[in-house]
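I've put the structures underneath this note.
Shared chain: subunit A. Partners: subunit B in the first complex, subunit C in the second.
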Partner chain A sequence: MTPVHLAALAAPQLLLAGASLVLLVVGAFRPKAIRLVAGLGVLSLLAAVGVVAIEPLGRAFGGDLVADQGAAFAEAVIYLASAAAILLGQPWFARRGQARFEFPILILIAALGMGMMCRAADLISLFVAIELQSLSLYILAAFEKSDGKSAEAGLKYFVLGALSTGIMLYGVSLIYGFAGGTSFARIAAAVAHGASGGVLFGLVFLICGLAFKVSAAPFHMWTPDVYEGAPTPVVGFFAGAPKLAAMVLLARVLTESFGPALAQWRQILVVMAILSVAVGALAGLRQSNLKRLWAYSSIASIGYALIGLAAGGPEGVQAMLVYMTLYVVDVTGFFACLAALAREGRPLESFADVSGLVRQRPGLAVAMTVFALSGLGLPPFSGLWGKFYVFKAAISAGLAPAAVAALIGSVVAAYYYLRLVKVMWLDAPEGQIDAPPAEAAGLAYAAAFFVFPVVLIALMALDPAARAAALALVQG
Partner chain B sequence: MPLQAIAFYVLAAVTVFAAVAVVFARNPVHSVLFLITTFFSAAGLFVLMGAEFLAMMLVVVYVGAVAVLFLFVVMMLDVDFASLRQGFARYLPLGALVAAVLTVEMVIVAADVAHLGAAASSTGPATPSAVMTNVEAIGAVLYTDYVYVFQAAGLVLLVAMIGAIVLTLKHRPGVKRQSVAAQMARTPKAGVRMVTINSGEGVDA
Partner chain C sequence: MSPQLAVTLIVFAPLAGALVAGLFGRLIGHRVAQIVTTGLLFVACALAWVTFRQVFGGAWPHAFTVTLAPFIHVGRFVSDWSIRIDSLSAVMLVVVTSVSALVHLYSWGYMRTDPHRARFFAYLSLFTFAMLALVTAADFMQLFFGWEGVGLASYLLIGFWYEKPTANAAAIKAFVVNRVGDAGFALGIMTVFWAFGSIRFADVFPLVASHADLAWRFGSAQFRLMDLACVLLFIGAMGKSAQFLLHTWLPDAMEGPTPVSALIHAATMVTAGVYMVCLLSPMFEAAPVAKGVVTVVGAITCLFAATIGLAQNDIKRVIAYSTCSQLGYMFFAAGIGAYPAAMFHLFTHAFFKALLFLGAGSVIEAMHHEQDMRHMGALWNKTPITYVVMLLGTLAITGVGIPGLDLGFAGFYSKDAIINAAYVASATQGTAMFAFICGVVAAGLTSFYSWRLIFMTFHGHAKWGAHEAHGHDAHADHGAHGHGAHTPHESPWVMILPLILLSVGAVFAGGVFDESFVGGDRAGFWGSALSATTSGTLLDQIHHLPQWVVLAPLAVTAVGFFAAWYYYIAREGLAARIAARRGLLWAFLYNKWYFDELYDAVFVRGAKALGDLFWKGGDKKLIDGLGPDGVSEVSYAVGRGVSRVQTGYVYHYAFVMLLGVAGLVSYALWAFR
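Then we have the complex of A and B:
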């Protein structure tokens, strides 16, 4: 393979790495040109989406790098979500006098890491990619230096993240030891005639590490604290894109290298899924802080995505991809709403803060209602369609009990989604709310417009794209 | 062969003993010193396996840099280890449970190794040929087969640097900094004032 061919296969990664290095130099010499750096960051992410759409497919570096439809689909969503995070975050920090040129660069590098996660078919590149995005996210969580809570969030995320990395690395070393190689193809060959205990032991640890990254119960402890403390636009970013990347990576590991061991990993995923839905629904009931509430909501959402993955096969992976894509739009939009709302410069974060919102900011109140109802899975919003795909895949794979358990979780969770709607529409308002900044409100409206009604048209394109992506992921 | 076996058992015993001592030493400085011992004997184990380069790196990087940094941190930060240990009894049952589960799992793995033999033994010798040294073997693949992950690992280090700067650098106003250009541009005209002093009077009088 010629260097040109190799470069073409890694084109989006090269583009993002090059852009982040160039912008770093620009920022170091022109520290005041933050808007320029942010604008160029958004442009390079959009360019990366374009490159993903047209680049050639293939494998390179012995599986370290796989360019297929599965990676392309997820990367397009991830890069768009990252661009939204820069658009949302840069003005947000600027309003607080915290704007620094490193913010867009860290988002770029995190996006690069997530793209590499989607493309990894080797344990080495899997690990390096996860570390690249995790390290960037730890820093982003602690980005608001004047806020002690932000520092606490960063530290908690870092310490627990380091622990999960250790667990995952232990699993990786065991898999390497027993399979005799790090590439997914080699592992698949080793487990083709039944997986030995050692490989399965390693697999369990690997799943635990990845479950931490997607905040699936019982590895979710960090989520509420980190979401509460971290800056709002950053939370909107790491509640969405990194989880999609980790889910795609999990799908690739499980189907490509551990396909024959389906029966073994399915039970792990089903247990984690049901626990996640239960924790998300029950613990969410007692929250008064909206960021913590949405942390639990995201834990429950990951539960549904895991059920899709546990169903296995192209149908299950497709359900997971559709669900996660719609979820990313939903959660980005919700945190855009929160970033848009402030009272005398203080962000609105609790139920009491948003009471009677509809009388002061009807547009944003409607948008938040849309996101809440979509999270609940009410027709005709996008959340329903995601759940529809997941339940369909689960039932055809014989996982009907898990689907029923998840449905019960949904019903319990309906309480807090509807409570948010009730507080915003029926309660009395208190105090004047600041005029929402244009970019945050714009993003919120755009996302709400996608959740309903654009999703009905978008699904027509999303369905075949996710189907092709799932086929590529499953067949390796 | 017996010499190798003796060397292996001595080094392995020291490694395990020192690793346990890292955890159980009361004085944190002792912990770090035991950690260095662990690194050294692990380096010896690498040499026995024919991986001289890894052994060298372990000594240079871990003993030379990381452990010394630990030592600095332990000595400079006044961490109250007595208070850190306070929750020990409370968390002991849970910790013991996790440890028990892990032990059982490790026994299963060990049984597997005894049954099948670890597959890694089939991946071949540490170096592709007898005349090639470790360093040559690594050099041959580092910028070819592994250039993608090698560069990505470089980016991970870059992120760590960015992070350290972002989280700790504070631009305080009013701090006097050295400006070489301003220093070089300074002329006698700007810096020297010629005054005539009459005898018996001060300069600024």
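Then we have the complex of A and C:
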């Protein structure tokens, strides 16, 4: 395999790595050229999407890195979400006098890590990719240095993230010890004739570590605090792309190397999924802060995605991918709305802040309503279709009880989604709301437009793409 | 004009009037609304008489059906909007349109100061349309439509003065009591469809003979479907025709304007039940149990309502109970199988009862909206025309006539035919003797309370003018009428003219139509519209009766007259003293056998208690408590618990994570055994 061939198989990663290094140099010499750096960052992410679309498929670096449709599908979504984060975040920080050229670069590096997560086919590359992404996110969470809450969020995220890394590493070492290798293929071979207890033990630890990244219960505790403290555009980023990356990674590990042990890991996932839906629905009932509320909403959403994954097979993985993709759009749009709303420079973050919003900012209120109803899973918004895929897969895999439990959870969660709608539409407005910044409002409208009605057309393309991706992930 | 077009016009002219007056009343003004509705009604009335003549003259087919449009076609359940014309409906067309047209005209005077006249006339015409749809129905579905339509119009008109709480209450009472009957009616229709697979009269009647013995087994009990269906249908008739147990709404319905009482609650709507039983005579003939029920209920009502009428003081309530009682006659006539006699009494009753009501309205008008007869008296020379027509109406209702010459007022022919038929039937039917006795006694009571009304109102000493305090249930009848001079005065000609026309009917309707309805011509007159199985023998024999039977009604009528004369003329004031003593019997009659109190205690308060039980105990505590409220309570509490774990301390979070790992690993070890 020639170096050119190898480079082609890792082209998006090389592109992003190169871009982040170059931008770092640009920033170091021209610290004021923040907009230039941000613009170039967005361009390189978009270029990466282009590269993903045309690059060859195959395995490189002794099988450590795999380029397949599964990776390509997820990466395209992740890079677009990352680009949106830069678009949303850079002006946001600029408005608050916090603009620094490191922000786009950190997003680029996180995107690089997430891209690698999608391609990792070896425990070592898996670990490196996760850490690359996580470290960037820790910094991003604390990016608003002057804000105590932001710093607290970063620190908490870091400490707990370190703990989860420890748990995961322990699992990795156990798997290595019992399977005799780190590559997924090797593990698969070891598990093929019945998994030993040790390997499964390690697998549980590995799943726990990854569950932290996707904030599945009971590893969700950091989520509300971090979401509340971290800067809004960063939260929008956190809640979307990294979770998709981690879910894809989880899907690849579980189906490629632990495929024969489906019956075992399915049970762990179902337990986590139902717990997540329950926690997300119940704890959300009493939240007054919208960012915290959406933290719980995202916990519940991961529960649905986990049910899809637990269904296993191409259908289950496809459901997970469709669900996560629609969820990423949904959550990005919602946080774009929050980023667009401020009263005398102070962001609107609580229910009380947005009361009567429809009378002052009808456009954004409608967009937020769309996102809330989509989160609730109301037809015809995109959330419904995601849940439809998940439940369909779950039922055909014999997981109907889990689907029913999740459905009950979404009934409970309806309370807070509808409460948001009620507060915005029926309550009395208070105080003047600042004119929304164009980029945030534009992004929010675009996302809302996608949630309905574009999704109906988009699904026609999304469905086969996700199926191809799922087939690639499952068959290795 | 073709028969089809004529009958279509008869039915739809009132609807057109109702729509014009109802939708555009404000636009065109009261006067135009009055002219349009009344004009259309007179057109319908003229056409109805033409139809009557042509159908019975033989120029038109004796029975035909015009199908207008499909209504419901679901599977075998087929119903069309149609107009069925036969002897029965031709008679009803005449009765309904004539009385309605005269009442429309009368209302010009009676309602002349009301600010909502256009609405009033719209309702009147709407009622007429619904009633015509009812009597021309060719299947049970349209019958039900008309049934509910007249119920709606009745509700709207009783509550016409909606500012009055009593009128609202009466309207609601009428509607609710009728719901009870309608439930039975609807079940009856379902039973018919179940038994016959069709609801068209033309399909059902020929099948009665072959289906007569169909039975429905429920547990160990067995019900003949014919009896079941007919009893259920009769329950509907009991509601609409205010029969014993379901009669309570009719006296209260007098809260409506007096023309409404005359049209709906005397001449037409309340007779719908009788009409229905006669219409369904082929079915009832196959249902002996149902016939017995009809006879007994009719007889009880006839006697019971008459006793209450003895003690009432409100002029309209007396006539209302009288109506109730006369309907009882019609029902037991139908019950024993003398359908032509029932229809005959329905026909004559429509004239003299509408006359009495409108006459009472004229008296009320003369007395400036006083309805209490104790505050009247000596009106005969103040309102001479009203007095004369009321007198004629009373002679008609009491059935005065000379048996030997066969000459008398309308009631003489129809009521005596019923009583005589009951006597004949008592030879074969056990219940008929009971009906005969009730009928004769009630005839005496009828005479007493009718003459009592005349004496209290028109004779004796004037009890008006002396004191200002005429009862203020008074205003009762009219919201916006100013108080002018307090001398009674004769009513305007628009009110007098209908009275005169109706009194012509009250005097001659019996004699003129006796031969056709119940006499020798009846077979040709009714054709196949009424079942002749029983009525044939019954009516053939009423002219060959013992002399005492023939004379009995007349004798009790005379007794009633003299008793009334004694109490209210010869010993004026005696009756008031009896009332003042508040004896048991008097209180029992005055309080209408305590039916309202009984129903209030049992049904109204019982239903409320039951509702409270289900609402507070069942719904709020049990269903809401364990259901929505309980679940949300629990959800909220769990949410609070979960939030409380969210302390913000990193070591707590780490602890939870480690617990999670430990828990999942334990679970895995257990699950992967």
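Keep this in mind: the second predicted complex is superposed on the first by the 476 of 476 C-alpha atoms of A that agree within 3 Å, B and C clash if a C-alpha of one lies under 4 Å from a C-alpha of the other, contacts with A are read in each partner's own complex, and residues count from 1 in each chain.
Everything that follows uses one rule, which is that a residue touches a chain if its C-beta (ideal position, glycine included) is under 8 Å from a C-beta of that chain, and two chains touch if they have at least 3 such contacts.
This one's a predicted model, so the numbers in the text were calculated from it and none came from an experiment.
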item	value
Partner chain in contact with A:125 - subunit B first, subunit C second, else both or neither	first
Which of subunit B and subunit C A:286 touches, first, second, both or neither	second
First (subunit B), second (subunit C), both or neither touched by A:468	neither
Partner chain(s) touched by A:201 [first = subunit B, second = subunit C, both, neither]	both
Contacts of A:22 with subunit B and subunit C, given as first, second, both or neither	neither
Touched partner set for A:136, first subunit B, second subunit C, both or neither	first
First (subunit B), second (subunit C), both or neither touched by A:412	second
Contacts of A:446 with subunit B and subunit C, given as first, second, both or neither	neither
Residues of subunit A that lie at the interface with subunit B and also at the interface with subunit C	197, 201
Of subunit B, residues touching subunit A in the complex	105, 108-109, 111-113, 115-116, 118-120, 122-123, 145-149, 151-153, 155-156, 158-160, 162-163, 165-167, 170
Parts of subunit C lying in touch with subunit A, wherever the complex brings them together	632, 635-636, 638-640, 642-643, 645-646, 648, 650, 652-654, 656-657, 659-661, 663-665, 667-669, 671-672
Residues on subunit A engaged by subunit B in the complex (per definition of touch)	10, 17, 24, 60-62, 64-65, 100, 102, 105-106, 109, 112, 116, 124-125, 128-129, 131-132, 135-136, 138-139, 142-143, 145, 154, 174, 176-181, 190, 196-198, 201
Of all residues in subunit A, those that touch subunit C in their complex	155-156, 159-160, 163-164, 167, 197, 200-201, 204-205, 207-208, 212, 217-219, 221-222, 224-225, 264, 267-268, 271-272, 279, 281-287, 412, 415
